[in-house]
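By letter and in written order, the chains are A, B and C; residue numbering begins at 1 in each of them.
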Amino acid sequence: MTPAPEVPVLETRGLRKAFGGLIATNDVSFRLPAGARHALIGPNGAGKTTLVNLLTGVLQPTDGRILLNGRDVTTLPSHRRVQLGLARTFQINQLFPDLTPLETLVLAVAQREGKATGWWRPVGRRGELLDEAGDLLERLGIAEERDQPVATIAYGKQRLLEIAVALAAKPSVLLLDEPAAGVPEAERHQILDVVAALPDSVSLVLIEHDMQLVFRFAHTISVLVNGGLFMEGPAAEVARDPRVKQVYLGEEPVYG
Amino acid sequence: MLTILFDGFAYGMLLFVLACGLSITLGLMNFINLAHGAFAMAGGYLTVVLMNRYGVSFFLCLPAGFIATAFLGAILERTLYVHLYGKSHLDQVLFSIGLVFMAMSAIDYFMGAQQQLITLPDSLRGRIDLFGISIGVYRLFVIGICLLLAVALQLVLSKTRFGSQLRAAVDDPRVAQGLGINVNLIFSLTFAFGSGLAGLGGVLGAEILGLDPGFPVKFMIYFLVVISVGGTTTLTGPFLASILLGIADVAGKYYMPKIGSFIIYTIMVLVLIWRPQGLFGRATAR
Amino acid sequence: MPQFLSMIWPGRATSRGKLADAARWHPLEIGFWVLALALLWLLPTRLLLLNEIAILALFALSLDLILGYAGIVSLGHAAFFGLGAYIAGLLARHGMNDPILGLLAAGAGAGLLGLLSSFLVLRGTDLTKLMVTLGVALILRELANKFDAITGGADGLTGVTMGPVLGLFEFDIFGSTAYLYSLSVLFVLFLVARQLVHSPFGLMLRAIKGNSLRTSAMGVPTNLRLVTIYTIAAAYAGIAGGLLAQTTQFVSLDVLDFHRSADVLLVLVLGGSGLLWGAIIGAVAFKLMYDWLAAITPQYWQFWVGMALVAIVLFGRGGLLGLAGMLRDRLRGLGGRA
């Protein structure tokens, strides 16, 4: 592995989020080096999605700071963070049910290119956008469904589209919240293959419950329990740690 | 000055009784029923007919207005509204505006477009002096009834089994359903009851608010402000919002007749800027 | 599918897909505008009605931009219509008689109000949207009522006299200039709207309507887009109002009435929202219905409006155009089996 450069691409300092009395994110400080293949694991309700929501600006933290490429983005709105290179996928599909995959991706590409405010020339005559969107569809294997409303295409394909939309932003950091959630066993590998094939220029954080997939993908792992970072380290180390097994077997969490 | 405060309070209490049913149905089923005011109008016109044509006592009209509109609400809920629950807010808005228009023209057809007057019983007329404030007896009566209702509602909500089921359903209908609570039944009952309250408010308000076929549209904005400002998760929110609105409206129109009618809009704008989720309680419609 | 059928109804296109075809003009569309123009000679006695239809269509088109495309429910779209009407009326009354300049002013004024109120409208939930849109229209109506020295209050604003359009076409009592003028404005603004909704900006509005969480996660400043379209739509409505004031040479408080906001909702859902053409078809149907029903029971027109709203929600979402589409698909299905 290349040694981590000075400035992590993504960093949190003392991040906290309380929903009323419930502390969903508890004093999380972590650093993501450039080119990372990082997995975020933890039992259901551990606060993984909440953490992603905080990082991407969907939720405002109660306390703490978030830095993207060294820049404090804690108070920036979601869309600004995307423009700065932070993209994500959602655990539950967040797509446009009435639009087609092609339209969806054209918009995503147009937005990245700063062409999404064009208001005269029809989308259908913008070859450059259509070509790039078409390529993405090919690459992810959803070209067949390009002109069908998203609501009508197979769930697995929707999951792929979810990733394609995030990729269209050409992010430097990509957060994948259970990209294969709800996908039948047979298709899960297809989705993870897409993730594995991403270039090193994208730093990746993967949330996933399937340990086999996690260990195949991740170089480093963080374990989140009850909102707090329970442990983190190289994948092999985390795999060996008995406490992690305990957490996953649903026993009383041990606080380190 | 105190008289104004008192009148405003009476007005606010009336708004509360008129609007609280709407607040609950919105909180419970996320259903925007812009036709709520039509039920109030129904109560009002029922009173007019009963009193002026059949000489029924005003005091009898109160329960009659409640029961009749509650019944009407129950029927409409089962036959029409029930088709609208899963639908978009746009559909709900179109549908309930449609009902309002039909109700308005029906009233216009049968009763005419003019303002309706009722003659209150002697015992409710005149003014009395209370601690040096001159108070309209009828206003006092209205406050009395509404306070009684508010307290009763609060008790039902907090103390009875139905109340706790209702609160659970408002909190999260799906979870409540999972707990074996019959959310549909609760909604039907609440809808009917809320309509009844609106009808009762219509009876009480016929004298104070005025009554003509334009009633449901005229007061739509008041209802919307009450539930936007007050929220839909508690009764206290709409209650406080109603009082605030009532006093501000009455005082505004009295002290600044030229611009007083803008008071409620000013409140609306200020609240939106200051706290878009409403002054009291958490977000309203999901 | 037999050859001839696939020629009339081209199926899924190849290469760049449906997207490339979406913005292409359909022969029916061109036919409509030709017919609309021809009515000037075909129906010389109904030009006043036709003028009203064109204005209503523009008003509904404006609502379609925010409701059909961006998903913003409004109970007070008449605010912009009415403001435009008063601006155009007042300008003409005070000596600035050029129709086009008047329209531009009406559009700019209404657009400004749209811009300002959009920040309130877009702040909250659907409920607060309803409250604010309704409230803004009520405020304007109250203002127009209170400042009767300027607006004429309940008596209406009279003395609106217009100069010739483009300095060439004088308004006449038959309404032929009026109709041609309104139709031209409608046509131009329809063209612009048509480009707009097929452009990335317009498609993005549909995306925001579908899922604003996702558009934000795509890097889109969602609120800014909605503010933009709300402002544009307000300007459209203002121009429609301005047209009414100029061609009828009269403005009354009625332009700000609640029923006008409700009517335009009905027009749009009657024709089919989110299609642009729905606004036009809806306006035609609505005015014809009015012409017919109001002749029978003039007083209770409102009852039929209400009934239509209820019926559309319960039985026929998608409106007339949706119905036509369904029929076409059915026919196409028959063709496929043949």
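Methods note: a contact is a pair of C-beta atoms (placed from the backbone, for glycine too) under 8 Å apart; a residue touches a chain by one contact, two chains touch by 3 or more.
Here the structure is a predicted model, which is why all the values come from computation and not from measurement.
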Using CA atoms only, can you tell me which chain is the most central one in this structure? C
Where centres are the averaged C-alpha coordinates, which chain has the largest centre distance to chain A? B
Find the geometric centre of each of chain A and chain C from their Cα atoms only, then give the gap between the two centres in Å, rounded to an integer. 42
Computed distance of Cα centres, chain C from chain B, in Å: 34
How many angstrom lie between the centres of chain A and chain B, each centre taken as the mean Cα position? 47
Contact footprint of chain B on chain C as seen in their complex: 67, 73, 75, 120, 123-128, 130-132, 134-135, 138-139, 142, 146, 258, 262, 265-266, 269, 299-300, 302-303, 305-314, 317
In their shared complex, at which residues does chain A touch chain C? 56-58, 77-79, 82-83, 87-88, 90, 94-100, 102-104, 106-108, 110-112, 115-126, 129-130, 146-147, 165-166, 168-169
Of all residues in chain C, which touch chain A in the complex? 12, 16-23, 195-196, 198-204, 206-207, 210-211, 213-222
Over in the complex, which chain B residues touch chain C? Could you list them? 26, 32, 34, 80, 83-84, 87, 89-91, 93-95, 97-106, 108-109, 217, 220-221, 224-225, 227-228, 258-259, 261-262, 265, 268-269, 272-273, 276-277, 283-286
